[in-house]
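Both complexes shown next keep chain A, but they swap its partner, so chain B is in the first and chain C is in the second.
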Partner chain A sequence: MGHGRFTWRVALLALVLVVSTGGIVGRLVYVQILHHQHYWLEAQAEHLDKRLVHSTRGAILDRNGFPLATSVDVFDVYIDRRAWRDDPLLAREVAFELAPLINDQPEPLFTRLLNESGGPVELIASSVDFSAGQSIESLRLAGVVVAGGTKRYYPEGDVASNLLGFLGRDHVGLAGVEADYDDVLGGTPGAIYFERDGGGRPIAFGRSRIEPGRPGADIRLTIDRYIQRLIETELDFQIRDHQASGGTIMVMDPTTGAILAMASRPSFRLSNLSLDNPDLNLYRNRAVTDLYEPGSVLKTMTMATALDLELVNPNTTYYDSGTVEKGGYTFKNWDFSAHGTQTMTQLLQKSLNTGAIWLSDQIGATRLYESIHRFGFGESTHSGLGGEAEGLMRTNKDSGWYPSDLATNSYGQGIAATPLQVITAFSSVINGGNLMRPYIVEEIDGPDSKRIFEPVIVRRAISEKTSATMVKMLNDVVDGVPAHRAQVKGYHVGGKTGTTLVSIPTGYALDSTLATFVGFAPAEDPAFVMLVKIDQPQDDPLGGIVAAPVFGRLAPQILSYLNVRPYDQPLVRSGQ
Partner chain B sequence: MATLDRLAPPASPPVAQAWNPRRAIVAALFAAVTIALLQVVQSSSFAHTGQKLQDIEAERTRLSAEIHQLEAEVAALSSLDRTERAARDRLGMVPAVRLEYVSVGVEAPAGALLPRPLIIASPGAQRQPLPWWQTLLQSLPFR
Partner chain C sequence: MTNAHQTSRLRPGRPDYAILATTLALVVIGLIFVYSASFAIALDAFDDANYFLIRQMASALIGLAVMFFLMRIDYRLLRLASPALMLFAVLSLAAVLFVGNDAYGARRWISMGPLPPFQPSEFAKLALIIYIAAWLASRGRDVQSFALGFAPFIFLVGVVAALILMEPDTGTASIVVMTTAALFFIAGASLTHLFALVGIAAVTFGMLILGGGYRSDRIFAFIRAEDDPAGVGFHTLQLLIALGSGGIEGLGLGVSRQKFFYIPGAHTDGVFAIIGEETGFIGAIVVIGLFAYLVYRGFRVAMNSRDDFGCYLAIGIVSWIAFQGLINVGGITRSIPLTGIPLPFVSYGGTSLVMLMAAIGILLNVSRYGKDRSFAERPQAQRVAPKPTRRSNPTRQGESPARGPA
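And now, the complex of A and B:
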């Protein structure tokens, strides 16, 4: 029959139908089965939204638990001028209600509310107290929106600004401990997931889920706020008094390597911090980022090396003619003097360059540089502080090294180190010979874990016997010299001065010095080591005149604070 | 007179109540109203609980902010600057010129002399007792 014929037209139609149905089925398989997860997520994203909730930032505490930086809740107040664009009376009403809550005057605020130059939406007051912010929120003023946030608060004012650092507007640490430990302090933000309508607004009674954030951990530093404040006050005074360009004072527990206080100038003030026009030079912690030549303080390490190798003892003598020829150069003492026969103790007391060069000859270049490396020069201390410099040192194995370099290196020139490296090396000389890893964080106390940092011995720098001998010799350097300015009544102290010319790209600035002193007390059982560095003092260039008295003034206060009893103090027993 | 001898018709069995459309409609309406009311009650209860939850969350935020504020106040009150000002101006104290060390027959306090305001909870702070039903639940052998 003609109707039942399977013509080519029918076949074509059937083929089109089969192909198109197959295409649709294939596409369905692709979408629904093969890429199910992808499209499911896309569909979810269409009607689900997420809002981040910042977690509370952890506090930074001193070693006794007193907060140096903590966070308080505040509000930012925004205005939306569209609410009163056609109704100035409403704006006046808002201004009069809002003004007392944001510490403003109603009339000027009213003018601001009507001033369209800031755009329709503008931040009108930031970091408003939490209670005031809540009052504003409860008033439900037209065109006024409040947004919650936090503000960093520094109970001790500007103390330890360089060390603590600061936060940016997005509450991320930008400098100091705030930046170095940002991940620990900042915690993890939480999130609220909710169903939204076509306009992106949350649907009332829609599905919602809260993913709580983790608050940041508190960090307890090794810093003692009392000692920190003490050294900062003294440093500011000394810089003014000597019209110096800057300076550094650090205090360390030599036994553990814990940094008890650390201050450097120039610096910034946390109370007067401007993120709009930052002077980046003020923000770095110069005690760990800036290099300087340690000068005669390094004679301590040269002497310790010679003693450790048993090449000399405190009474060994050498002849000081006032000059030494080395590699075609003539080296003199700092005061151009000549003292004749001198013991090793006298060498340190008078800080004789010729003596240090004589010692370097006895030790030899390879052994001296190896020893200086053992004291931690030329490598990072790994203190955990950001921007730490490694220092510069050229040894006899490096190209460009000359025998005259050994002479200058022996008394601390031609070597660059950070104040932190110098005080760490000096600590190892007097603590029994162990190079300790300096540390600033004692404890990280998180919401569900606690980490306590223990002292770490990096390596042995010298023997215990050598260390004991050095303590005695360094005590003689201070207490054995009449009217030494680092002396402290009632305590045996030790230390070494240093004066170096300021290095500039073309050599040294002959009219500008760095006056330093590194000392410890009490000599019997050192409770602390202190480094004092005054940069470019204008009245006197010498470490013994400028820096040593700073130690002399600070040490008794610190010793008293640390409950270290003077050796000559008669005890008054109760009931006697 | 013819007597009709007919059997009395048997007593008809009690007729089941006839299907009454009115009653059915009433019942349906009653069911519909009940379901609607239940929906309203549930919805209202849901809204009430949501409101209560929001209030509690707001209260928690406020208390948390208050804690931070109080901690900051404690820190400000114990700051060295304030302590020094109070000692100098209010109590008329001056820095010691000479220190006297007195040995007493009492052991020195261990650790920090002052409390760590932020990280050590007050030893007097007691935990809230658990409600009776929680205690009961905890005493069950299976949980």
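And now, the complex of A and C:
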């Protein structure tokens, strides 16, 4: 090295460079070695992302395993208009490729693609079926993104709409069984952990981990899709025929409390559901949420109570003068009739209010109310159905109770219950005396567990002997009043009508009634109990005329579907 | 103070192969990391992961050709060419202000049709170094004079720096000022003048920062990046996350995560952060070591040069590389405010790579004439001979050693 050129100036320049380099190396030591952990954690926090993956929602099945609601894989198609903002030709190309896959026409779709009023990113088609979605994905069209999802599908159409309920856009159950069992059906969402780039997109070949979710459990209901469809068709027909405002039909297995079918109107149609314009009035399952006065059907429980206390037997007589004085009020029979000496069976056949009052006198207020409580009135049935009402009743232990209330309560007025409570109480009268817990879910079939629901006896309401007597008496009621047309050829059936005025805030609406009938068949070994309630029929207000024939029409079909042999056609053994 | 006539009769020796090897190593490292840092960006923007790699390779090949050409012709011819080079530099710098492409809020490139865009400021850096070196070599002791030294120097550098500032490109402008100031200093400039120069630069710099815009944001980001991690501070912090997460050994070649749209310009000005992320402290030190060795060898060439022009060329070229490297890496490590200038040889950028390789060609050329090289007198008869035998007559070393300016 030539010493002539190496001056202090060169040395100073070199020194500056050396010192600067040293400083930077020092910074690298600080950042890369001493604070590596800090920056590594910052990098992880920035790069790792998590995306929830919805688990498949469980299906809702009928008692035989036929699906009532299932989830199918679909795709939602989104567009990002920024991809063709300066390139209408590209948008046109995309429109022509995309249109046939989302059931659209190319030209209108092209117009929509260019219309920026919906913002740059918009959902252009939802619930595109699985194969079409996959085709769209494989085309990799500019500005088109598909996102996997599921769609709820109802194979039975509009059957059991307000029982099943429906899902919101986020796939959370909003009504019915979908809402009541949302956590069971929905499962737990899985997650994909992945490394994302600066724009939030997953890095190709980046580390990723999939934490699988737990798919939702299938729920098998006690509902029978055949009976359900049968009663819904009949209910709709009856409501139209009588220009009624609504109604309920329920079918229950009296020995287990399993609900075989349950329909109420007004309701909505799953096929015609609008989440944008919800009509909250239509979504509730009125069979469990709405109260009504059971009316004369309650005479069944009054009679059963008296029989159970051995105060009367079917042939015990009382004298019907047509009027009864109680607590300053005069009570009359519904048709203002007077029948003289009547048996207990005749009391039920003619549905005599004076008789019910006579029975309540024999029983006494305390014992009657205790008994009505044992039948489940005034408490939730704990069926598991959402929005279940407890009912309203006032006893002699409550303030504001008058002795005249006992008289009205004895024939089912001044007391409010849900149709579910009534059919459950009625079941206990004819099933041997056990109040069963009504239930709708037969089985929950999860990914790694299965839960089967057994019938639950809530309590004994009446003795087995009383129940047997009641079955016979109720059979006599149906057979003794053929005009009700509740009889079924070849079977012994029993039942009781009820007609009540619609209670309104100021008292009763005198011109509108609720016509009800609760019946069962066959008397020998009841296979089902059915409640029919027609609200505000316009042509005839009486339960016997409006509701009982509905039972008479439905019962044979249900009996034959359930393979119940008529009493006069005993099983023929072949080859013997 | 040299005698061109005398040395022109000498045949040059071998170039400094260490410089050649170090340069090629940096270029190859550059190609590797330009690819690693750019494939995701390239795939996203151009649907072709190799988009930037192919262009950088083409630039490297052009650069190699230019480097070997400049290594072979006598560097003293550049003295003659320097006014033309300077004129072209100033004209193209002026032109880019009018016909340049708008990119990132600046006009720094001129489109060249199918060819890669041309960046006049990169050309101007080398042209100015050649011109200033030639000018200083011809000034001799007049360098210390105000009228003959300081004033023309300020005018020359001022015009070029002002044109670059107007693009605007503060980083490149400061490289130009620092490199030429270093040359001015080495050539023996008056210390008073130098202090004045530092004063002018400081005032200009201060006014630019106070003028607001992206320059004041950069200062804010340097001091308080954490106060706005998603905005002004984003760039600074993302570079540090890349470096810091690399640790000692790095995440592994190609495994950088920060290159996936976290670091703006991961393959250009930010490539050192990706090197630090993928190869860690070890890789970063290797790259810095290569630069340090290259600069050291460049200083050696300068010290051994036979004439002042060669000395100044060598000092100018290595100062340029050193300053630019220091400012780039200093910004990425948050040692100084972040400035948008490429890491020499490594960052993606065609004009920059070609001009740097051209500069290395000149440096290698100077090295061939060094006092540590053997020379042979060129007989007159052999001047027209097509292939003179090398070192056939290794005599007459070190005639009239060029005197340093001091």
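Everything that follows uses one rule, which is that the second predicted complex is superposed on the first by the 517 of 576 C-alpha atoms of A that agree within 3 Å, B and C clash if a C-alpha of one lies under 4 Å from a C-alpha of the other, contacts with A are read in each partner's own complex, and residues count from 1 in each chain.
Note that contacts are C-beta pairs under 8 Å (C-beta built on N, C-alpha and C of every residue); 3 or more make two chains touch, one makes a residue touch a chain.
Since we're looking at a predicted model, the values are computed, not measured.
A.B. asks: Go through the superposed model and pick first if A:Ser337 touches only chain B, second if only chain C, both, or neither.
C.D. replies: Touch partners of A:Ser337: none, neither chain B nor chain C.
A.B. asks: Kindly classify A:Arg565 by the partners it touches after superposition: chain B alone (first), chain C alone (second), both, or neither?
C.D. replies: Only chain B is touched by A:Arg565; chain C is not.
A.B. asks: Contact-wise, after the overlay, does A:Thr317 reach chain B, chain C, both or neither (first, second, both, neither)?
C.D. replies: neither
A.B. asks: Is A:Asp73 touching anything from chain B or chain C once the two structures are fitted on A? First, second, both or neither.
C.D. replies: So A:Asp73 only meets chain B here.
A.B. asks: Can A:Arg220 be said to touch chain B (first), chain C (second), both, or neither?
C.D. replies: A:Arg220 sits against chain B, while chain C stays out of touch.
A.B. asks: Once the structures are superposed on A, label A:Asn103 by its partner contacts, choosing first (chain B), second (chain C), both or neither.
C.D. replies: Neither partner.
A.B. asks: Let me test your reading of the model: by the given contact rule, A:Pro155 touches which partner, first (chain B), second (chain C), both or neither?
C.D. replies: Touch status of A:Pro155: first partner only.
A.B. asks: What part of chain A is shared between its chain B contacts and its chain C contacts?
C.D. replies: Common to the two interfaces on chain A: nothing.
A.B. asks: Which stretch or stretches of chain B touch chain A in the complex?
C.D. replies: So the residues of chain B in touch with chain A come to 46-47, 50, 61-62, 64-66, 68-69, 71-72, 75-76, 78-81, 99-105, 108, 112-120.
A.B. asks: Can you list the residues on chain A that touch chain C in the complex?
C.D. replies: 1-2, 4-10, 12-14, 17, 20-21, 23-25, 27-29, 31-33, 35-36, 38-40, 42-43, 46-47, 195, 197-199, 203, 206
A.B. asks: Could you pull out which chain A residues touch chain B in their complex?
C.D. replies: For this pair, the touching residues of chain A are 56, 59, 61, 64-67, 70-73, 130, 134, 148, 150, 153, 155-157, 159, 205, 218, 220, 225-226, 229, 445, 560, 563, 565-566, 569, 571-574.
A.B. asks: Within the complex, which stretch of chain C touches chain A?
C.D. replies: Contacts found on chain C: 40, 182, 185-186, 188, 240-248, 257-258, 260-262, 276, 280-281, 284-285, 288, 292, 295, 299-300, 302-305, 311, 315, 319, 322, 326, 329-330, 333-335, 371, 401-406.
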